Amino acid sequence: MAAGARPELFSQRRRPPWELLIDRGFQKLAVVLASVVGLVLIGILFTVLGGAREAITRFGLGFLTTSNWDPIGEHYGAFTAIYGTVVSSLLALAIAVPLGVGTAIFLTENFIPLPVRQVLGLMVELLAAIPSVVLGLWGIFVMEPFLRPGLMGLHQLLGWLPFFSTTPLGPGMAPAVLILVVMILPIITAISRDSLQQVPLALRQAAYGVGTTRWGAIVHVILPAAISGITGGVMLALGRAMGETMAVTMLIGNSNNFSLSLLAPANTISSMLANQFGEADGLQVSALMYAALVLMLLTLVVNLLAQVIVRRLSLKY
Amino acid sequence: MSPSSSSPCFTLENVSISYGTNVAVRGVYMEIPRGKVTAFIGPSGCGKSTVLRSLNRMNDLIEGCSLKGRVLFENQDLYTRDVDPVEVRRRIGMVFQKPNPFPKSIYENIAFGARINGFRGDMDELVERSLRKAAIWDETKDKLKVSGYSLSGGQQQRLCIARAIAIEPEVILMDEPCSALDPISTLKIEEMMHELKKSYTIVIVTHNMQQAVRVSDMTGFFNVTANPDSDGKVGCLEEFADTEMIFNSPKQKATQDYVTGRFG
Amino acid sequence: MTSFSRGSLTLQPSLARNRWNLLLTLTAGLFTALAVLPLIVVIAYVLLKGGSLITLQLLTALPPPPGLDGGGIGNAILGTLIVTLVAALIAVPVGVGAGVYLAEFASAGWFARFVRFGTNVLAGVPSIICGVFVYGLIVSTRLFFNQSYSALAGGIALAVLMLPTVIKTTDEALKLVPQELRWGAMGVGASRFITITRVTLPAAFSSIATGVVLAVARAAGETAPLIFTALFSPFWPEGLFNPIASMSVLIYNFAIMPYEAQIALAWASSFVLVVMILLANLLARWLGRFSST
């Protein structure tokens, strides 16, 4: 042992300066890279807010409640798009939640052999990987023509209701809602499945032990135990649905005329942005930025709510 | 100029260690001698591992862990601002409770530490020497390129000891090195420690009192007492003396109760 | 005496509870079938309508002018590869660095909490907003050499989209690396830098790679952030500072054209895109197998 070669004090024995430099530099670099997230968020907020300033001062809150979108007369109101965003997302949710949760139950409880469940689960996950624009293309050329006779029948049968009062001519709210269902179904299914799988086996055994039927256990014990995760997933899906752009843009018809009918063309904020941003200038850009700001706030609120709900509802088991 | 063998290797002066606001161990004074094996024993939660980890600043890696008092190594405070903890760990090696080889080959497990410490010499020779010292050369010499994970638990732990030896530290700290191992592996490691103490100062934490008797020269008994300042418990050093003293004629009643098995 | 009625132990399908069970089971099964149906139908259509069109000429030629037949999607395939590569080159280093910061340097503290919160918020920002942001920051200000729409702008927009996924993946993968491994490296005197680059990151490599591949695959199919940043181009890519074609924008633009040839190219693009993305997903799954062992 070359003890003599070692200086006595740590403060005298130093790692080579470059090594210390790399160590410190690496830590600093990590901090800088981590701050990029903050910078991007602030950047997004300022860009959109800055771009929207002109429209905000000009139209104020009236922007949210009027439907007039007139690039020539330079008057803008985004009510139709906001209404379309909220209504299309909520309707899609209303259809996708039972479908998704039902699928998740079917894929976690042992109704069918495990390998089959795994394959089905994989297929639902792969559905999430299909690009939105491909679903839009499929929606235009396959789904919408296929649905049209059905929607026509609905119109003839229930045309006295304001929701079905217009003749379905192709693009419109209803096909957009259905394509949204396809898009958010994988999220709801995947998150519900995770939540159901995390319910402890002991809890299931306890339920069966007191003589409940399988569905009795599911409805009264397993679902309540998993509800926080499922609700969080549903809220995330809502946020995703509100921001979803391409497939909706290709199917909703992009009309700024307000209509209660689900069979009529409509608009959402994101489809309005996709459609008009490239060709807009001047005040129209500012109005679109204003609409983008509204969309950002809507999705932000929904996403924050999702996190709060998960924390509030989580059961202690 | 090498310090006289009578001067202690570590000197702890009124050391208290806390996790956040919770004091884990308080008021430890001890002098750990050079070139000997010192064992820490005591019931779980008494802070013996915490104290061990303070000797090479391993506690730095635990969020919110803070130390009061002074820990002197070769008469130098390990906790002053100008001390580089990385340098400390290069001179005071450590072996952990669970064998933790790197997910690399057996050869690379040994060479890794040497290489990052700027070793410029015959690496093959160093690997062989370290594995021989850790009494695992015969089992591994034909499969040096195989992953360290392919070894049994006892072999992995000896590989970790070889890894610690390879950087030629002055001290080796062992935190319950045999608690996850079978009796035969334990025996092998204990035999090896008798060899190792010829060249290194060893501090070992152990649950197993027979092990302390078998391997150590000095023994420190840590105890848990109710914390007078809060509802929690706090560890303290009850007694520190020659191993023979601790097990045959302890001064404290608590030590007596513990070593005779009448306690926790 | 018992206060409950005792029935026979044989199953009686006519009991109300057994009928309910059967009904609910059938409903759940039906819902599952409905959930899986779109995937099968979409994939079938894309493979049939798109796959049948694929020829070497289609993969290597430029799209035809409106109204003419023939042509291909060569520039769009190349463009998608370029824009996605640019995005990955930006998002992967930044995201892995930020993930390393969260997992290795500061798991607590206000700044780490802020970064985690910000990552969640950014993950929820609609993709079209990423496009609006880059449009406002780069395109409309002509930040790069007085160019407005550019491949680089499109790449940056996709990078913003990928960033939260890469950060979360890295953070979570590093947290799964056993603490003992870090101690082992530190115990032989490794610095933070060496511990992370030589021990923890390699140990987490396959999980991080899985997440990165999934993020890249998702970005490759994104359209909304590209339509007013990278725009589109009927020509071969001309460097990073000019508008560039991409398969996703091609599908969007051509799907609403009244010409058969363009619509066919949209289907062909969908085929190429979907095959690429499904392959990437399978690759990610294959990589993921290594992290479990």
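Read from first to last, the chains carry the letters A, B and C; within each, the first residue is number 1.
By our rule, a residue touches a chain if its C-beta (ideal position, glycine included) is under 8 Å from a C-beta of that chain, and two chains touch if they have at least 3 such contacts.
Everything numeric here is computed off the predicted structure, so don't read it as measured data.
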With centres defined as the mean of C-alpha atoms, identify the chain lying farthest from subunit C. B
By C-beta contact count, B-C versus A-B, the higher one is B-C
When the C-alpha atoms of subunit A and subunit C are each averaged to a single point, how far apart are the two points in Å? 14
Could you put a whole-Å number on the gap between the CA centroids of subunit A and subunit B? 52
How many angstrom lie between the centres of subunit B and subunit C, each centre taken as the mean Cα position? 47
Where subunit C touches two or more other chains at once, the residues are 191
For subunit A, which residues are shared contacts with two or more other chains? 15, 23
Could you say which residues in subunit B touch two or more other chains, in rising order? 86-87, 91
Interfacial residue positions of subunit A with respect to subunit B in the complex: 1, 3-4, 6, 8-11, 13-16, 20, 23
State the interface residues of subunit A toward subunit C in the complex, per the touch definition above. 15, 19, 22-23, 26-27, 29-38, 40-41, 43-44, 47-48, 50-51, 98-100, 102-103, 105-107, 111, 120, 123-124, 126-127, 129-138, 140-142, 182, 185, 189, 213-216, 236, 239, 242-246, 249-250, 270, 273-274, 277-278, 285, 288-289, 292, 295-296, 299-300, 302-303, 307
Subunit C contacts subunit A in the complex at 17-18, 20-21, 24-25, 27-29, 31-32, 34-36, 38-43, 45-46, 93-94, 97-98, 100-102, 104-105, 111-112, 114-115, 118-122, 124-133, 135-137, 140, 160, 163-164, 167, 191-193, 196, 217-218, 220-224, 227-228, 231, 248, 251-252, 255-256, 263, 266-267, 270, 273-274, 277-278, 281
Considering only the defined contacts, which subunit B positions touch subunit A in the complex? 1-3, 73-74, 76, 78, 80, 82-84, 86-88, 91, 118, 168, 170, 199
Subunit B - residues contacting subunit C, complex: 56, 58, 61, 63-64, 86-87, 89-91, 93-96, 98, 100-103, 112-113, 116-117, 160, 163-164, 166-167
